[in-house]
Structures are given as C-alpha cells and as structure tokens.
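Paired with subunit B in one complex and with subunit C in the other, subunit A is shared by the two complexes that follow.
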Partner chain A sequence: MDNNKKQSASGKAAADSKKRKEAPLNQNQQGKESRPPARPQKRVKFQDARNIRSQPSDAALDDGKLDLQKFLSAREFEIKALETSMRKCKSANATRVFQQVPREMRRRTASHNAKRVPKRLRDRAKREMMEDNTPTVEARKRRPRTTRARIRAENAKRLEKLAARKRKRALQNEAGGENKDEPGKTTIQTRAPRPKIRRDTLNEPPKPKSKFKKRQINKTWLPTHLWHAKRATMTEPTKPLWRFAIPLTPTQKCYRPTHRASGQKGTVFWDTSYMSTARLYGAAGGIEQVLKALGLVQESLWGNRGRKWRSGTRTWSGMVSRRQRNSRRDIGPATILWNPTLTAETAAPESNTTELKKTQRQILIRTHPSCFLELFDELVKLAKLQTPQVHIEDLRFEIGSIELTGPGSTETLLAVLKPYHTEDRHGQVFSSLVGVTNPASLPKDAVLGFSIKDPRLSYPPKRVDTTSKVSDSALLDTLTQWPVEEQVKPYGLFDRDVRFKASSLAPQKSINRRKGASIPGQEMPVTAADPPIPVIAFASRPAAGGQAQGTWTLLAPWKCILPIWYSIVHYPLSTGGNPRLGGLNEQRQIAFEQGTTWFPGDFPGTNAGVVWEMEQRAQRKKAWDRRPKGKRIEWASLDLGAGRKGEIGDGLACDFEHLFGLPTDPSPSSSEDQLTSDVDPNAMDLHPGEEAEDAAKLGKVHKNTVPSLTMVEQMKKTDFQALISSVNPGRPPPRSIISVNITFVTRGVANACARIYRLPSRPSATTTVQSSETEVPATDPVAAGMGSLPADLRDQWLQKIPGNKSGSRSTKAITAHAAPHMSRDVGQGTRKQLMAKSLVSGDPLPYPRPTANQTDIGGGHPLCPGEEDLIGFVTAGAYSLSGGKGTAVGAISAEKAFDMVKESGTKEGRLCIVRNAGENVGWLARWELV
Partner chain B sequence: MEASTTPKPLPNRPDQKMPPLPKGSRIQKRPLPAPLSHRLSSSNTSRSSTLSTIPTDIDGYRPPPRAPHTLIIKVTSNAPFMSLVKRVRKGLESRSSLSRQQSTKGLPLTARIAALDTTSGGSKEGGSGNGLGPVEDALDDVVLVATGRAIQKAVEVGCFFTRERDLMVLLRTRTVRGVDDFVRAEEEDGGGEDGSEKEEGSGARVRAVSCVEVGVRWRAT
Partner chain C sequence: MVRLKDRYLLVNIVYADIPPGQKGPVPDLLLYNQPTIGELRPQTILKGIRSQVNALFGDCGSGSVERSLQVKYLSTATSTFILRISRAHYRLVWAALTFMDRLPVKDGRPCIFRVVRVSGTIRKVEEEAIRRAKLLVLAAKDEMAGKASSDALNALFRGGKDSARNLALVNDDHDDAKIDEGEVSDG
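On to the complex of A and B.
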C-alpha cells in the first residue's frame, strides 16, 4: 500500500514537473511584496490595452430626444479610446525579443533560450524568460530518454575513462622517458606524409576523421561541410549528388535576395569544391593532340591567336566532346588552363615548332562531377595513344574552389586574398582591381595565379577602402592593357609540393595564441610557420553578355578552402551586409535569370544530362504518385480542344523520346497513353557496345537498360548558326537538339516539362511539312483529331503579337458567341418581339457547354497546334525577376528549328507556342539560341 | 570645377583621334563601370582632404563627393517610369531628415567617437560656412545615374520631382569611361565556345560615354 502511494505521489510529481512551474518570483513573494506575480501582471496589461471603452448610444437619448452634443462627444470619446488602445497594444509589446533578431540570425532551435540570442538582446530575453517562466534545458545535463541515447551516453562515459587513462600514461611516459628520446629526435628528421596521387587512375577521397567516417561511406564531404550542414539544405544522406554531399539551398528563404545580390548589390558565393579537376602533363605536342581529340579544334586556339591561352594567362571554357562511331557526342563543359613555363616568352614566336612540341607542359582541366568519369576515361584512353605518353592525374580532392558572383565579388576577394609576395606581377594586378564591380569587365577569361597569405592572419576581414583610390584611369589602364604576360611564372597550384606545404597550415590554436600576443586590431605579421597558399583566380563572363554579372572562380588547395571560406563569409561589404550563401538551386536560378543554360539540367543531349533527366522524372513520378487521385493531373483526360484528348507523351518528362520517335524505357515514367513504340531500324545506328559502356559510366540509375534518350545529341550554337547562314546548307543531324532561351511575348509562365510548339503552318503548306521524316507515327491516337483544327490557326496566333495591326483580338471569335448586337434605331416593340421569338423558338444551348479551350480561352484564345508541330521541351522555366516576365530555358529539335527559320525568316521563324504539361492553354513566345 | 588655365582638349574633340579599328574587327562592349561612389566618409577626415582624393573625370572635372547616405539608382532605358519614381520616393522617405541618423556601424572606434561629436552639431549643415559650395550641393539623398538612351528617362524623372516643393533637383553631366574589346568578326559569335580570342589583331580600348546624374534631395528646412 505504502509503496503504491509513494508511486502515485511520485507520478504526480512527475506530471507536475512537465507543466510549467510558477515563476521563481512567485515563491519569494513574501519577501518582495512590492511586485505582483509577473505573468498575471502582464495579462492584466494586455487586457487593459486591448479593452476599448464605449458608451451605449441610448445614453445620449434624453426623453426619447437625441441630444446631439452628448451623442457627438460620446462618439469622440469612443474614437479616442480606440486610438489609445491601438497605441497601448503596440507598446504593450506582445512580441518576444527573439522575434526581433534578424532573420538570417534566427536559425537555431530553442531560440527562446536567452543563451541563443545576440548579446545586445540577452538581458531583455532573460527578463522575458523569467516573466514567462520559460523552462530551460541544458543539453549537457539532459537525461537520455531513448535507449539509443542511453547507450551513447554510457559509451561516452566509458570513452572518457579510457581517454583519461591514456592521457595519464602519456604523462608518465613523458616524465620517465624524456632522456631516452633525446638523441633519437635530433638524428632522424621526417616529413609529414604527402597524400598519394596516382597517375592515370582515379584517386581516393581524403580519409575522413574517424568520427565522421561512417557518414562519408558513399559520399565525400566538401571542406566546408560542417558549416553548410547548419545553414543549408543538403542532399539527402542516402542520396548524394555526384558522390558528394552538396548544399542545395540555404535554409533561409532567399529567392529574391539572391536575385538582388547577384545583379544589383552584394555577392553570392558557393563552395564549388565538388567540381572536379584533373592535371594532364607531358610533351606539348601530345597534350595538343589530346585536346584536339576532345573537340578543341578551333584554329583560333592553336594558331597565333590562341597564344595567350597557351601561355597560361587565359582560360578556355566550353563543351568538350568525344568521338562516337561517326559523330561526336558532348561530354560536358570544361575549363582548360595551361601552366605557364618560364621560357614561354622566348618560345612564343614560331621559331622551332618541333622543339616547341617537345617541351614539357601541364594543363588543368576543370569539369563538372557529373561528367568527370566520362571525361577521365576518355582522357586516359587518349593519353595512352600519345608517344611519348601523356599522363593524367586526378586532382579532385587536391584542389577545391569557391565561386563568387555579383557587384561585390571583386571587393570581397580583394579583402580576403592578400598576395604573399609583393613583387609578384599577378598579385600586383589583382590588388589593383579596387573599384571593379563586375568580373565581366576584366578581359575575357582572364587568369591570375599567385600566392596568398593565410587569410586567418587578417581575420576578421576589413572593408576594402575604395575612397582612397587616386584615379580610375589607372584601373582603366590595367583593364585595357592587362599586363600579366611579362615575367609570368608557373602557377604554384600545379605543383604538388607547394600544394602540400600550403595544406599544412598552422593550427587555429597557434593563430589564436599569436593573435592574443599581438596588439589588437593589427594585422599579424607572416612568420615561417605560415606557408604561402597558391591560388588561381579566373573571371568568366556570362554567356548572355551585356551588363550581366560575371563570375570569379577561385582555385585553392582543398585544405585551404575552409580558412578562405570563413573570411569570405564575414566580409562586410561596402554596400552593407555580408556575402550571401548560395546552393545548387541558386546557381541554377542565376543561370536562368541570365538566360543561359545550366549543366547538367539543361543539357539532355549529354550523358550527364540524361542521368539528371531520368532522376528528375523519377522524382516527379514519385511526387505525382503520392498525391490523391482527385488532386493530380489525369494525363489521359486532358482536353486539348478540337477533339484531342490526352497529354502528348509523358506529362512528367521532357519527353524527347516521344518527339524523336525513340523507344520508350520501361523505367519509372510509365505514361498512361499507350505509346506505339515501333522501333525504327535505323534509329539504333549507335554502336551498341559503346552504348553499353555509356550505361556503365552512367552508373547506378540504369544498370541494365540504356535510356534511349542517350540517342539524342546536342548541337552547338555556332554549328547551327553556320548552317543557317550558309548558302547551300545541309541539314542538321537527325535527333539533335539545340538549347534555347524562351521569352514569352505577352503573358504566360512555363514550368519544367512544358511543351514547345512551332507555329502551325498554313493549310497550303501543311502537306510539305508533314512529309518530314521526323514525324511521329500516325498511329498515335492523339493525332487523330487533327482535322478539326481551324485553318487559320497560324494567323490567329500571329494576331496575338502586340502591335500587330490586324487587330489584337480576333473579333470574329467574340462576335460568334455574343448575341447579335441590335442597332440603336430598332424600336422597343420590335425588340420585344424578337426576344419573345428567341425564347419561344427554343434554340437550345449546347449541353455540355463547350470547354473554354474548344472555342476560346479568355475570349478568343487560339488553340494549341497539333502534335506534328511539337518541337521541344522546357527544361527550366519560371517568372524571371530580371526579365519581369515569364522566361524559360529549353531544348528544341534542331531540324525543326532549322526548317522554321528557313521557311518563315529569322523573325517569324523564332516564334513558338509554349504550353505547360497538363494544361490546355498555350502562350506565344520567342526563342533565342543560347 | 576648378578652371584649368591651360587649354585642355575636350573629350568630344580630342587632339588625337582613336586609331581606326583593324579590318575585320568588331567592337564588343564590356559592362560599364559602376557609378562612382566616392563618398564623404562620415569619419573625422575633413571634407577638403576628401575632395582632393576624388578622381577627376576625363575632362578634368572633379565631381562633387557623395554623402554617405546617398542612394544611387542606375537607370536603364527600359525601366518603367513609375517604378523609378517609386524607388526615388522610397529612398527619399527613408532619408528624410528625421530618420537620417548616420550609422557608425563598421567604423573604427576613433571614427565612432568623432562621429559622436559632429552629430551633436547637426551633421547636415557641417560645411556650410567654409566656402565649399559644390560640396554642399552634392549631398543628394537620391541620385539617378544614366547613360545613352536612359538619359531621357532620368531627366524625365528629375522633371517629375521638380514640382514637389520640398525637394530640390540638381542635374549634372558627367563623362564615364567604358572599355571596349575589339575582336575578330569571324570569331565573335562563339560566345563561350571560341575561347581566348586575343592576339595582335584584337585588344581593348577606352571609350568616353556621356552620363547624366540627377540628384534629388530634401530642401533644407
């Protein structure tokens, strides 16, 4: 009995302990009589503030008569009461202090805890906590609740004991064996082990600390992972992207701030250490052959005009490709940089070409991780063919990188990167860039390679003084002359030893100690313990050109990224604020706003793009499957008007297979409409073995089946333009696509997977168009209702262009539906008669009423063209903040685009109609090559 | 604004013309430099010393310094008129004399202490007595900067604000210099594809561009 009682009592106590106790002030209330309990007091305050006094209106009635003066004064009083109440409510401070913390700082859990708010607010927070009686928990003292947590806690305790024992033993050893060790220490000197870099094979990622080893089994962390994991949404632990844990987007909402920071004011920066780097070294001739085999065949690179690139003061960026059976297939974008040689100046004139080709040179190839394996294999294959052999080193985890864009990017880099050697030419040029607000205003693809001091020595970074600049003519001289060629030295980043030395930076502890010893606010001097950090910074211009912002890319040794990162994060920009963090989504957003493509998402013509597209399809399918049946789009029942039913192809995919009549995969995207996948015999002209190889490279997603999407090829903008401008052109290769940037003419916003149509041809020309070979088989049920499309559909669409003289609205369509308008002079009698007649005659309204799209959308909107006019798909689309209207990036069939431009000129041929998947309204848009 | 005694060639009528473009070359414009931000620092440096550090324009004109709080709006030719008006209004409202408490955030300690002394006297009318007319004139609250086709728009917006009694609108002409690349015509369309395109036939040169600054500020009360 007693026991029971005890238990119940303790249970009660436990239950009580879960509730909030009274504020501590309450308990010693007897001592301090002056103050009433805080919480009730606050409630009274609120009630008082919110209470609006009023007077009943019958008070103003005097014997049934209204006393106007009384009545008015009562109302006056009421209004005043309302106003005071509003004022009081505001001052009653219904908000907690942590709600005033700027949004970017409010990111941790338990921010109600006074210890989590900034110092200036801490006192108020403490008081509020006291008043509200907020329970606080110290994580350290919390008792483990789950079994797992208990086991962990026990383990920790045991480990602590172990560590203590170990420490003790070490101390004993030191005390006892000091004299014995003395001679040994002086005789043998060892150097710290350098990481192994094997040539011609892939290298292992750096060995993580044992504490973090388990979390990096199937992926690698970026050097800034721990920083990012607290501030950004990362890829899912089990689903890394390209074998990396990559930050996708900051936790904060940042769509519009990113737009501002990338274009108008501020900086966006990324840790792009996941970008892969490889070093190719050997005879210059061999390297040239390898590069030419990768598709760098432009004469402008190898002639006199590419001298600056070959001397190492410019980069080359573009698509690299590999040979297939009888064509070339794009691998992905790459940046290629030569290491300057000491003798570059003398070798420059075409003195002795054979000797020039024998000199040992090195290049750095930087590419996207999604296409790295493909490129690396190709490089190894090509390098082995050269005599003497060219070798290749995988420097993926040796060289990391940071990218910055925005007006403040140059300023930020200037504050963080302090040249180590003052006489270094590139360092001098870099330091003279004060006042540059756009990396694109540097010469195209400019490179600066120099060594910097440890950024922790000047941490926190100071604001760059732009006011002390004497004249901007010096800057203009630098920008026009760009004096980096003379006395150019080989870049330290290419050298393994230099990289290694830089990686063994002084520990933070010793930096702190030195900082404590020096005068506050002063920059610490460089000592022998601070190795120079070799960096390469290159500026790239946006493909869009114009006033758009360029990008800085900073390459540095993998282990030096973190100290540089911390300095960049905390740089106070001259325009206010700090640089903004970006993730993968922000990178895509900025590319989209500049109207350029983003790899791999916008390149379905490359293997990496195919993998991306397949993953996106699976994701969309999963999201679609999860929705209840009533709330998801039924693709089969989509009504496109004129008797057409069902979405064209798969609504959840950029269905290029459907466009080109390729066999569909049995993969996750199973569409409702049964596609007659009659395999074209000559559609499989690709070498099956090679395709299988590709599939192996593509990795996990499709192990057994090669997606037929890989048969689609990407066509280059320059090739397409050359075709168009040539007098006697051939045709673009079948199943090739070109990337386009789409801008809506009037309104409309496209999403990913939106369908792109060309303008329907006029009836006379229909027959010629339909004869083209890329036609989808006519067995498709969707194409059956073609006949009922209006004959003047093209003109209807053309009328949608604003400023088109022939009437912005098709008036015919409107009058067809509105009642016939009677003229004014029709008499009342006749009107009545007519109306009665119309009522009696019983000309019934059609039932069910025709859907909006069948006859008109919003008053005479033209119908979507038929399936034979489908030319491509949108890969990224949204409302563009920079354009002020809907824009999109997509890919269209090169053949059809070629036909369009050839038939109807560059102006009308660039018009297209974009319809979102699952919708029946299309909008007029214009496409532009990118 | 100092009158130089030696006759200087005007930028629009230089002594030496630029050499003609090499045959087969084409101009490719780089982005224009950002509007100058030689601001008067709110620290203890005297205005005259700040003045001397301001770089002169190509024609020897030394533009007046900007107040630290000035909002600079770059005008593009296709910016909607009312959008510009609203941005100017917003800038003016946040910079009205009531709310203009200069922030000393990010300044060194000494500057902060110095700012304490000056703010007590009223920071706005600091230099009225010492004959620095142009300096006072330039302490605009909002400045619209425009070149080329956008000049018309900037002037229109300026005119719009002249009818407000509390505001003062000042218009200055300037010359900014932009950099042009000239590249070989056959390789220009390469965009990112064609890579480095500098050789002896191509290069860069400086071009002078007319620029208009429309300063809008509250009339001193």
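On to the complex of A and C.
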C-alpha cells in the first residue's frame, strides 16, 4: 500500500530511475485485502516448499522407552513428510512460462512479454509478469513524443469518434429498415470467381487479402508464408528472391540435424511453391517440336524407351537450353511431365504416327523461378512457330509444391495423403508403399497422379502402421513391376476446373464444427462439401546416385498446400520426432552433401547463375567493406610464394572473367563494340542483339550492363564424356565450363571462391636448362616469377598423395626455398657451431622465427602453381558431414579439363590443387564430373 | 551454462551397541533403529563430519568439504538425515561418516552412520527414504503379529554377513556415472 503511494509521490524521477520497483498492488484487490509484496512472498513459498518437516525424538518414545506403536507412527510421519515435500517441490518449480515455448519458437528479444507467448500460456505469463513487476510498454498508450506522433494520435481519436457515430447510425438504420426492406433479403447466389488464366502471357499473382496487400507489392508470399515467418529467417522484405519471400533457414540451429534427417533418420521438407510451372498444350507433334527445340533431342526420349515418359507415368528432369547464334545456351533445370490421355498411346499401333501427332496432348514444365522468365519467353517464341499453334499457360500461382527428402518421407506422405477414390490405380499403388525408406528405391522418375481427401479431415495425422503391412515381397513386386500403366487416366491437376473446385475447400470453421459433432479420435467421413484434391507426386533420385536419399515432390493446387502442410508438420514419425523444416540453405546443404550441384548457385554458365553470382559478389563485397581495414584480407599483399604477390583475379568472386580473359566489369558507358573489340572476334559467339536480350532478362540489377560472365557457357557432363571417349575428338568450345565435385585427398576445406589449379606441367628438358642456366632479364616480371617456381613442383604435389612412394622426395628443391633456421633434431654441438657462426657472420638466425605457414609454403608444403595453371573456381565448399572430409562443388574450364585428362590419363588428370581465396596454402584434391 | 553439481547422501544412524545377551522385551528391530537423542542438531552433525574429515584428509579435505556441506533433513525420531555435498567431494564425507563411531555430541553413544543411498537429486533420495521407512513399517507389523523376530530382522538387513558385504559393495563403487543411476542402495 505505502509502496504504491511512494511511487506516485516520487513521480517522474522515480519512473526514470533504472531500478525495478516492487510490483504494484493489484488494483482490484486493493480494497479487499492487502497482499504482501510479490517477490518476498515468492521466496517464502520456495523456501517452504523445500523444507521437509521432521519430528523430535520424543515422538518415537513412550516416556523414554522404546515402543512399537510409537515407532510405527514416527515412520508414518516421516513418509508423509517426505511425500509432501516432493509434491510441493514439483509445484514450486522456478521456470518461467516462456521457457516452455517450443524450442524453435523461442525468442530472445522480449521473451518476457506475455503477448509473445502462445495463447495457452498467456494467462500464466501475465501473472508472472505482474509478480516480477516486469516493465512493459503498451505502444497504444505510450505518450506521443514527436509532433507527428501527436498529430496522428489526435487524428486517431477523432476517427474513432467518427466511426462510433457511423456505427450507431448503421444500427439505427438496420433497426428501422428491417420491416420495410423485405424483398431485398433474397439475394442472388453467385459462385466464387474462377481465376483467369491467360494464354501465352504471364499470369498475375493471386490477389492478397487487403490486410497483407502492402507487404506483397514487390513479391508474392508462399501459401505457408505466415507459418514460415514465425519459424524461419525469410528473405529481406525489400530484397525478395526471385520475386518471392522465401524462407532461407529455420531460426533454430539445424545444420547437423538436417544432415541426419536427410540421410539417417527423419525427414526434411520444404514448401517449394516458388517453383514455377507452365502448361503446354496442343497437338502432340507441335509439343514434340517445342521440346526438341529446348534440347530434348535424346533418342531415348522419343523412341521406344521414352514411351513411358510420353504416356505420362514418368517424368523427365534435366537441363533445357535455347538456341543462340551458333550454339546452345543452358536455361536451367526443368522437369517435364506429360498428361496421360484416355486412349493410351501405348495401345495404339505405331503405324499411324501422323494421327498420333495430331492428338491433343498436354505437358507440365516445372522449373526454377530464377530461369522461368527466360524459359517462358523461349517457350512462347517456339510455340508460336508451330502449326497448328501450341499454347502455353503460366500456372505459377495455380500449382504449388512441397518437397520431402529423407528415410521418413514416404511414411509422412502416406499418412497425409489419403486417396479419395479407392478404386484409383495410382492411389492404390501409392497406398501400398508402406515400408519404403528411400524415395530413390522407386522406379526412376516414377509419377503417381491421384486425388486425395482434405487432409484436415484426418488431422492430426496418425502414425502409419508399418508392422501390419502385407510383406516385403509384395512391396518389392510393386516396386519392380510398378503397375501404373493400366487404366491410366488424365491427371486432375492439369484440369483447371478440377483445380478450382479443389481450391474452394470447406472453411476451417466448418471442419471444426463437424469435428466437434463427430466422435473424438475418429476420422471424419467425406461429404459433398469436401472436393477431391488433385495431386501429383513424383520421386526423383539424386544425380550422384548410390545410396543417397531421393526426394518426393508433391504438386497440388496452390490453395491446398496449406492444409497439406499443416498435416505434414505434425506427423509423428515412426522413428520419433516430427519432420524437420528446411529452407533454401538446407536445400543447398543437402545437394552439397550428396555431391550434386544446386541451381542456380553452382551454374555460373547460365543466366540465372550469372545473376546469382553477381549478387553474391555484391554481398561479399559489402561484408568485406564493412570490416575494419586491419581485419580484412588485403588482396594485393597476399604472398603466394616464389615472389608472387597478390590474389589472382578478384578475391571476392568466382572470377571466370579472369580465367577466360573476358573484360571485367564493363562500365555502363562502354558500348557493345568495345566489348567485341576486347575479346578475339572469332571466339565471340554472342550476337549483339542477343546480348541486349540477355541483359533484359538478367533483371534490374544490371540493367545497363551485360556482365561479361554471360559469355561463359555450361557444358553438359554427357557431352564432355563423349568428347573424352571419342577416338578423334574435337575440342570443347572455348569459354565453356563443366561442373565438378571436388574431394580433398588428405586435408583441407574449401570455401566459395576458392581457386582450382591443375597440376603444374613438368618443364621439358630444354626449358629446364634455360631456366636454370640463362639469366632471365629482370625486366620481365612474368618470366622472373616463372623461374623461381621449383622445376619439380608437379612431383612435389604428387608426393602428397598418401601411399605414393615412387620417386624419392627431392628435399633439396624444397630446402632451397626454406628459411635458414635451425631444425629441431640437430645435436648440441652443431647447435653451438651454428650459433657461433651466425653471431660471427652478423647474419643471425631469423628472429622471431618465421611463422609455421611461411615455413610450410617455403619449406614443407609445395607451392601453389602459377596463374597459367588456374582452371576454375569453387562455388560451394565446406567440411562435408557425409564425406567426413572437405568437399566442394565447383566449375572448371572444359578445355583445360579436357587437356588434363588427355595428357595425363583419367587418374592423374583428375587431380587438382585447391587454394582458398586470400590464403597461400593449396591442398591436393580430386575432381569428378557432376 | 555453469551448474553446481551436488550429491545427496541418505544416512541412517544404526545403534549396534546392545550386548547380545541383554535383550529385553523390545524387538531387535526397534533396538537397532532407535530414535536419536534430541541434542543432535544439524550443526552438530556438520561439526562432527568436518572434524572427522579434517582428521582423515587434513586441511585440504576439510577446506573442500567446508562450503558445500549442508544438512537438508534431519529426523531424530527416525534417526535419518540427508546431506548435500558437492559432487567432487562426496567421497570424503562418506569416508568420514564411515569412520565416525559415535554420535558427535557430548558423551555420544556408539553408533554406525550408514550411507544407504547416494543420488544426484534430492527427489530420488526422498523416494529411497520412503521405501525404507515402508519396509521398516512392514517388518515392525510382522513383529507385532508375532512372527519370528529374527526373520523380520533378516528381511531388513539380510543377516549380519550380508549387510557387511553390501556395505563393502557400496564402498567399492567409484563410478560417478553409475551413482547417478542410483544403484547404490542396499536393504
């Protein structure tokens, strides 16, 4: 009571002081009773709870004599006392409410705030806040400090009055007008508007609720955005990625859990609704022509082997490309799926192919949003060339998708997706997949298209019973025979009306009402109000093959993603826990651990990859600029040994421009003819017009300039392998790169932008004589630098392969460059002699001793090869948890890789040296094509 | 986060100074588990242990035990108490208790301090105390019903030899981790 008075008396001065006051007395209770202050009260409560009551010794004695009855009662008292103590301790635990919030939803800032804990804990949090006298500020009641805020507050007050008046008037009108407007009651029933999808043009994003409109001006939210925004780091509001707000990584630490869930136990899942889908429809012949123009020219697709793909029971995934002046340029990875027809193509005889080509077919093309616009333009261009014309629909915001990987992914999907029609063949096959622990064990690129029930009807999802499955052999039969071809029907997801009908799901309120009416724990029956949701699920294998986990991709109507998502999130896995959330970083991490490339980050030879690389460069530059001068890498002063100074190219970039001698960073004013004059004209295969087109596609960031990186081309693995194995090979095109997976032979971890060198070539006999005998003119810095590199550098590097004993270690060459310092194992006598010598000569032993790194590079460790041996850059690298050593994904020059393999064979030709940007130590590694 | 790690010791005071021939009408069970005199306060127990630790382990031992030793519960009626001691030094206290042969009061009676349970949480110690009290009650009730007294005693202590062996087994245990699991109990 007096406490309260003191506070009010001291007024503002007290409010400004930092010390926390005692909790104010509860205003409501003031009259009834005065409570003691909360904190001492709490302490008393805790002390009381921890005190165990006991009896004096007299209680067990009967007038100083031992007595059985008293003995028993004393024991009983003790039992009771101990039990009460245990009970009281349990109730008086010292945890606060916000400590009970699930780990991934915990926050550090303002965690004490009752408004930031889940609703069920809010009351307790409020009480705790009051007891602790936690200072809180209610924004609404804060005194406006600035003029602007004051004006706003006044305005708000006035508006409130206005609104109240309006409400009152409306009420009056309603009361008065009820009996006179009788006929107005019958209103026209309208159906919900079906979204418009225009042909051959881009689709508009769905109209957000007006509450969320302002936040989606420059981007589109994923269907699960609100869920994600609470649990993951999203892209910055002003900097959306590919016109979407994409979750980058969960807020919870998850690097190792993701690794485990993706490979050993559990599931990782993503909302990949940002992936873009387009539908192509028209005559089968026309579609075939379009696809062939996109680079799907393999015989295996159009011959007998591609029959399953064309009938719609398999997908095709790979890089699509477009034609340039006299070469092809990759656009990006795409998945292509045909819609099955009612009259199965397989049944028709092969003879009347002309008729077949005229049948109307549809395909779905699913691609990455970073290359979608490029692909869409290309598709429109190609579609217009066909007669009869093929049309294209942009289904970006019509079809969403979820991806799952890991051993529990099949199980999760089985629990969530319940086939709507029991007689549906694909649904039956899907339901029989109980016990599959790797999506890659399904037939390659298998597709299942069926309709599912609203997952909210069976929410929360129950654990799939793996014990009562039929048998392993039955499952094996299903997996090998894959009986999906018979009575295959067109997939509902292709049909706009079916999609629309599925999108108008019953509201959550009505589901709740029905749930309340039915028996608890029982699955709710499907009624007419629950439309079937068309889905397509396809399994894909990682490109690396082997035992790696495959991925399930689930396509569903955009608006049905959210209910499916909620069910997946809460599925109790049979191995324990729930599926784990993944973000973009986790996707890249898993690709990296499987040794595969990730689009667009690892594809600098595509336009989307170029944009990514440019953004990464800008980010790295920004981070570098932010560091204090003494703590950032000074690229110019990097000592690479043998008199070489400075980083090769830009240390903050995968500097392919430097590698291929392209002009770096053309200024906006530089015209195209300058670009062409800088590089040799015969190698220039980019048409100026096309260059401008590229620039237009590359987004806003580089509106005026074409990064010269766009001149670099991606080469396919198969093409490269064909070149290697052919007897009379040509050469790979200049300025083409191939993606490689790099594994370190012994130690070393690479980061992004690390430099990849080939092994230096052995100098021929004449050149060695020259370099050792003749005086190199000092004016030629390149030659001088060359001369100082040891001649047997290649052998030194080959020595680094463990188990390679051939050829004695040429210590001379190494020690020649070593700093003259005392080695550890010299005897006392020699030590003295050396000391005396050094004192006399006036050229003392170096002090302080050279750092280990210097001795490594000058002495024990071979030097990095010269700049002429640079072949590529690492785009992603880290210590790989699955490999147990450093691995990396990178891109190397196809020409140089070709030369390496041709000259030194497949074994030695695949060795390379990787050096991190800004460091001078290189490590031996092995590259493999990806 | 740094956390103070403790051990809780449940100790029984057993009076074994009754000459074998002088049994009165009272059963053995009661004789062994007599109530302790009221002068035994928590402070006196601590004092006794500290002086014993000092005698056994010197200044270093008593210094390390000094700060964290605490009596959490003392019931003289049932001759039971619970000690709290830091995890690193609980063995010193245990050893001291083993060597103490009379109550640490003036003209203390000869007795045995029997450590029956070591645990990381007071909860488990309490549970053990309850279990033992229940066992004693059952044994005492059997006694009242007129069953063979020696049997009841045996049920509790498993005979003189067995109990000695059990104690040895208890003292043998040096593993902290195992003690966490709380297998150190006999009876």
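Note that in this section the second predicted complex is superposed on the first by the 644 of 930 C-alpha atoms of A that agree within 3 Å, B and C clash if a C-alpha of one lies under 4 Å from a C-alpha of the other, contacts with A are read in each partner's own complex, and residues count from 1 in each chain.
The definition used in the following text is that contacts are C-beta pairs under 8 Å (C-beta built on N, C-alpha and C of every residue); 3 or more make two chains touch, one makes a residue touch a chain.
The shown structure was predicted, so the numbers you read here are calculated from the model rather than taken from an experiment.
Of the two partner chains, subunit B is the only one touched by A:Pro443; subunit C is not.
Once the two complexes are laid over each other on the shared chain, residue contacts for A:Glu160 go to neither subunit B nor subunit C.
Note on subunit A: of its two partners subunit C and subunit B, the one contacting more of its residues is B. In the superposed pair of complexes, A:Arg463 makes contact with subunit B only, with no contact to subunit C.
Once the two complexes are overlaid on the shared chain, A:Glu523 sits clear of subunit B and of subunit C alike. Contacts of A:Glu634 after superposition: neither subunit B nor subunit C is touched. By the touch criterion stated above, A:Glu928 is placed in contact with neither subunit B nor subunit C. When the shared chain is aligned, no partner comes close enough to touch A:Asp625: not subunit B, not subunit C.
Contact residues on subunit B toward subunit A in their complex (touch as defined above): 28, 30-34, 36-39, 41, 50, 53, 55-56, 58, 106, 108, 177, 179, 181, 184, 187, 189-206.
Those residues of subunit A whose C-beta lies close enough to touch subunit B in the complex are 296, 298, 300-301, 304-309, 314-319, 407, 435-438, 440-441, 443-445, 463, 466-473, 476, 479-482, 521, 543, 545-548, 572, 574, 716-718, 721.
Against subunit A, the residues of subunit C that register as touching in their complex are 26-27, 30-31, 33-38, 72-78, 80, 82, 122-123, 126-127, 129-130, 133-134, 136-137, 140-141, 143-144.
Within the complex formed with subunit C, the residues of subunit A that make contact are 52, 54-61, 66-68, 71-72, 74-79, 81-83, 85-86, 89.
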